[in-house]
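You will see chain A twice below: alongside chain B first, and alongside chain C after that.
Here is the complex of A and B:
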């Protein structure tokens, strides 16, 4: 591989890691801060990716798709706005988030009053249902053949070989916005209530907090972020099909990322995504059996166990305090002296 | 606020059944405003169950619970809290992986920052309120002598310190009434003295009404007046410490099961 090939490959890896980091941030809200056991990330992943793909892909186009009747063709629809930047991309990201949020609201409303394990089962079931709906409702998403030629973000601005760099910037930008937005609410009293619920629901209720309402908000916000992640994925790979969302690469590996980076720490969630995705893609260049997919999978499992045993909090671990305002004050005190 | 004038909390023939076992049986108690009322009785008398009924953690099978003349039975715990009734737990339920300070800053109600939008749209408002709440939490921490531990994880405190933290949690809420479930259990004598002092001054200086379950009779007799005695889910006696100590029913409830 020549140098430009290596750069291009690395860019692809970083794009994917950045997308995974968005998911990891979403899961961190669910699990890291609220203790909600979501093992159906793949469901929100697929829902976000498909929502964005359906909205932006044109249909009916008999040359491209036989059965797909539902394409929104958002780029054409919003072209009259023409702000000089592909606005539809951001509209599609938001729409993907909103759809996931609404679905999460429904699931959460039913299951979040019940014991924790019901949510786990429900998320697992929903993930499978979402996949089956997109597989069987051909008019909606072209069935098992999936949707392809999903539009590029600012595709006509740069040449095809430079597109990846542009998309890298877009992904990192979205990641930064999500990170800052999440950090802002987690470091607020809202985040403190989530942590209290994680530690002891009864105490949170005895402290006057409506536990169900906060759990629901957490579940919806996390799902919203996962939806954005799904949309980022759709416009990166530009192909979505039911097989894209298998539990290994759409749920399990995101859990690994959060555990490795540091559950309950947003920096850890992002770091974990880059570390684990780096290991996952890096190991395919190892010699002999080491690059066998099953062995690489074993490596990820091994990493999780190693982290749990050696550094249970993950690489970064949880921050001691949540309240930003209180921290600022503490930081300010010495300089006043 | 005058002492002993008016009824703050009242249970009217409250009943709680657990699958055929009647834990609370037609129990009617009244707690006067500004008092430190003791609730005693042998193990299994239904004291903690009554607490759970009052604070909304359990629903009454029958009867009514009134706070300031208003029905609170059937309300969920967080709404009972907002009525001004706050409780502690027999076994401290501190938020382990949160600092002592955060355990307390959680509590104040109507925090703007609890609404997700406010942290994005009006962060300055959230910050200002956070500083106010921190000041308030610090005051309470000073009051219960836990300031030096404010940045410690609550899970690392000793049992006695956790009991103090539980008391602190109720005080940060600025409640009208506090229900303490065995505040003295597992607390060493020195810390116990402190706890008694804190409860007394909260009542006398801040006008907070206390209802407390306690097995340490020495503590109850020193601190509480009146004292209500429960046995087998029913109220069997009520009165001053002297009256209750001499009540034959009470003696029977505590000693009656013993041979001889």
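Here is the complex of A and C:
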């Protein structure tokens, strides 16, 4: 592979890692800060990606497709605005987030009042149901063949061979915005309540916090971010099919990223995404069984168990202080949380 | 929430519910609203699910966490049986298919108990290596469930490393379906599936109600602390629970592979939703509730194919679970904690 090939390959890896980092941040809100066990990330991943893809592709040619009918054609719809930047892209990202948020609201409303692990089982069910709907409702999403010709963000600005760099910048910008927003939210009093709930629900409730409501808000916010991640994925790969969202690459690996990076730490969540995705793509060049995808699947599971057993905090561990106010008082009195 | 201490109460509850469901289903089939064949198929699938779900419910009741790895225990059991039937036994000159009316041969009768023992041992090993350490650290049940997700991924990875990702099959002889009255066709191995599950359920019932260890298990499920101060060795109880849960998972996996006439690494992950739906429907920690739950789920999802695409079956199970959570979160036989 020549130099330009390597650069292009690396760009692709970084784009994907950046997208995974968005998911990892969403999962960090669920698990890292609130202790919500979501094992159906693939569902929100698919829902976000499909929402954006369905909204932005043009309606299919009825001569070529029998059952497949739907296409939102958002770029044409919003072309009258034309501020010089593809506005539809951001509308699609937000729409993907909102759809995921609404689904999370429904599922959270039913399960978050009950035992902790009901949520896990329900998210698993949502992931499977979402997959089945997109697989079976051909009019909506073209069944197992999936959606292609998903439009490029600012596709006409640069030439095709340099497009990856532009999208890389876009992904990193969205990631930065999401990161700063999550960081801000977590450092707010609202974020402190989440951590209080995670540590001790009864105490949080006794302090007058509506535990159910806070959990629900956290679950919706995390799902919203995952929806954005899904949309970023759709416009990067520009092809989505039910098979794109298998539990390994759409749920398990994101768990490994968060656990390795450091759950309860946003920097850790981003770092974990880059580290694990780097290892995942890097190991395919190794000789022998190390590059066997099945062995790497085993290692993902092994990694999760090993981190929980040996280093529950991951690489970075949880930030001990979340309050800016507490940080400012640091000189006066060292305070724990 | 857990198994009530008095056996009489739920025994009659379960029997009455089963009778009521049976009568309703028979009435509907005689009115030709639903095809009886679908009901019979649903009952067979329900019985297979029940074996896995009973194990899941036992572990849930005593260890208090959702064992996400139950499905992949099933996969592993099915593949270990494949190793015995397809590789090891033929070398020892133990082979044959078409025993009596069945598709498989007598080696299956050796392989089944052997795999149960191996998987039970493996589960105890996992408890010593992983779960016991976490219990000692006093982590929350959600972290235990998270760990079991890691175990599930690692188990599936191991299966794929050892056997590859392709579809496999036990050595089998193609057989005709039985032609029963009312246009019902029963698969050739249906009677075997029924015999094995009924034997196991009766054995488990006798174990839980008549033996010292069974009573200790029920006591631990009701109130672990109280059980421990009463002199019950709860660590021993936990080992027995793992062993029984894994042995049942192995059986369920093998029966599923026999029934579907194929093995796939993802087969166990795919049945997690119906498994958990059955457990929740029957009331967590109530093994015989899980049996009824599994039968209801099996029949409902099978009958739903009359109107829905068969691939929606897991979604039907999921909807049933959500309906249970909305109407009666403790399950049909659950007791408020």
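Note that in this section the second predicted complex is superposed on the first by the 313 of 337 C-alpha atoms of A that agree within 3 Å, B and C clash if a C-alpha of one lies under 4 Å from a C-alpha of the other, contacts with A are read in each partner's own complex, and residues count from 1 in each chain.
Everything that follows uses one rule, which is that a contact is a pair of C-beta atoms (placed from the backbone, for glycine too) under 8 Å apart; a residue touches a chain by one contact, two chains touch by 3 or more.
Keep in mind that what you see is a predicted model, and the values were worked out from it rather than measured.
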| item | value |
| --- | --- |
| Superposed partners chain B and chain C on chain A - clash or fit | fit |
| Which of chain B and chain C A:117 touches, first, second, both or neither | second |
| Partner chain(s) touched by A:188 [first = chain B, second = chain C, both, neither] | first |
| Touching partner for A:255 - first (chain B), second (chain C), both, neither | second |
| Partner chain in contact with A:136 - chain B first, chain C second, else both or neither | second |
| Touched partner set for A:6, first chain B, second chain C, both or neither | neither |
| Contacts of A:290 with chain B and chain C, given as first, second, both or neither | neither |
| Chain B versus chain C as contact partner of A:305, first or second or both or neither | second |
| Least C-alpha distance (whole Å) that remains between chain C and chain B when both complexes are overlaid | 9 |
| On chain A, the residue positions that both chain B and chain C contact, one per complex | none |
| Chain A residues touching chain C - in the complex, by the definition given at the top | 31, 35, 37, 39, 110-111, 114-118, 120-122, 124-126, 128-129, 132-133, 135-136, 247-248, 252, 255, 289, 292, 294-305, 308-309 |
| Chain A residues within the chain B interface of the complex | 181, 184-185, 187-190, 192-193, 195-196, 199-200, 202-211, 217, 221, 264, 318, 320-326, 328-329 |
| Residue numbers on chain B that touch chain A, as the complex places them | 55, 57, 76-78, 81-82, 86-87, 89, 93-99, 101-102, 105-107, 109, 111-116, 118-120, 123, 126-131, 134, 151, 153, 169, 173 |
| Residues of chain C that touch chain A when the two form their complex | 65-66, 68, 130, 133-134, 140-143, 145-147, 149-158, 160-161, 164-165, 269-270, 272-273, 276-277, 280, 284, 309, 311-312, 314-315, 317-318, 321-322, 325-326, 329 |
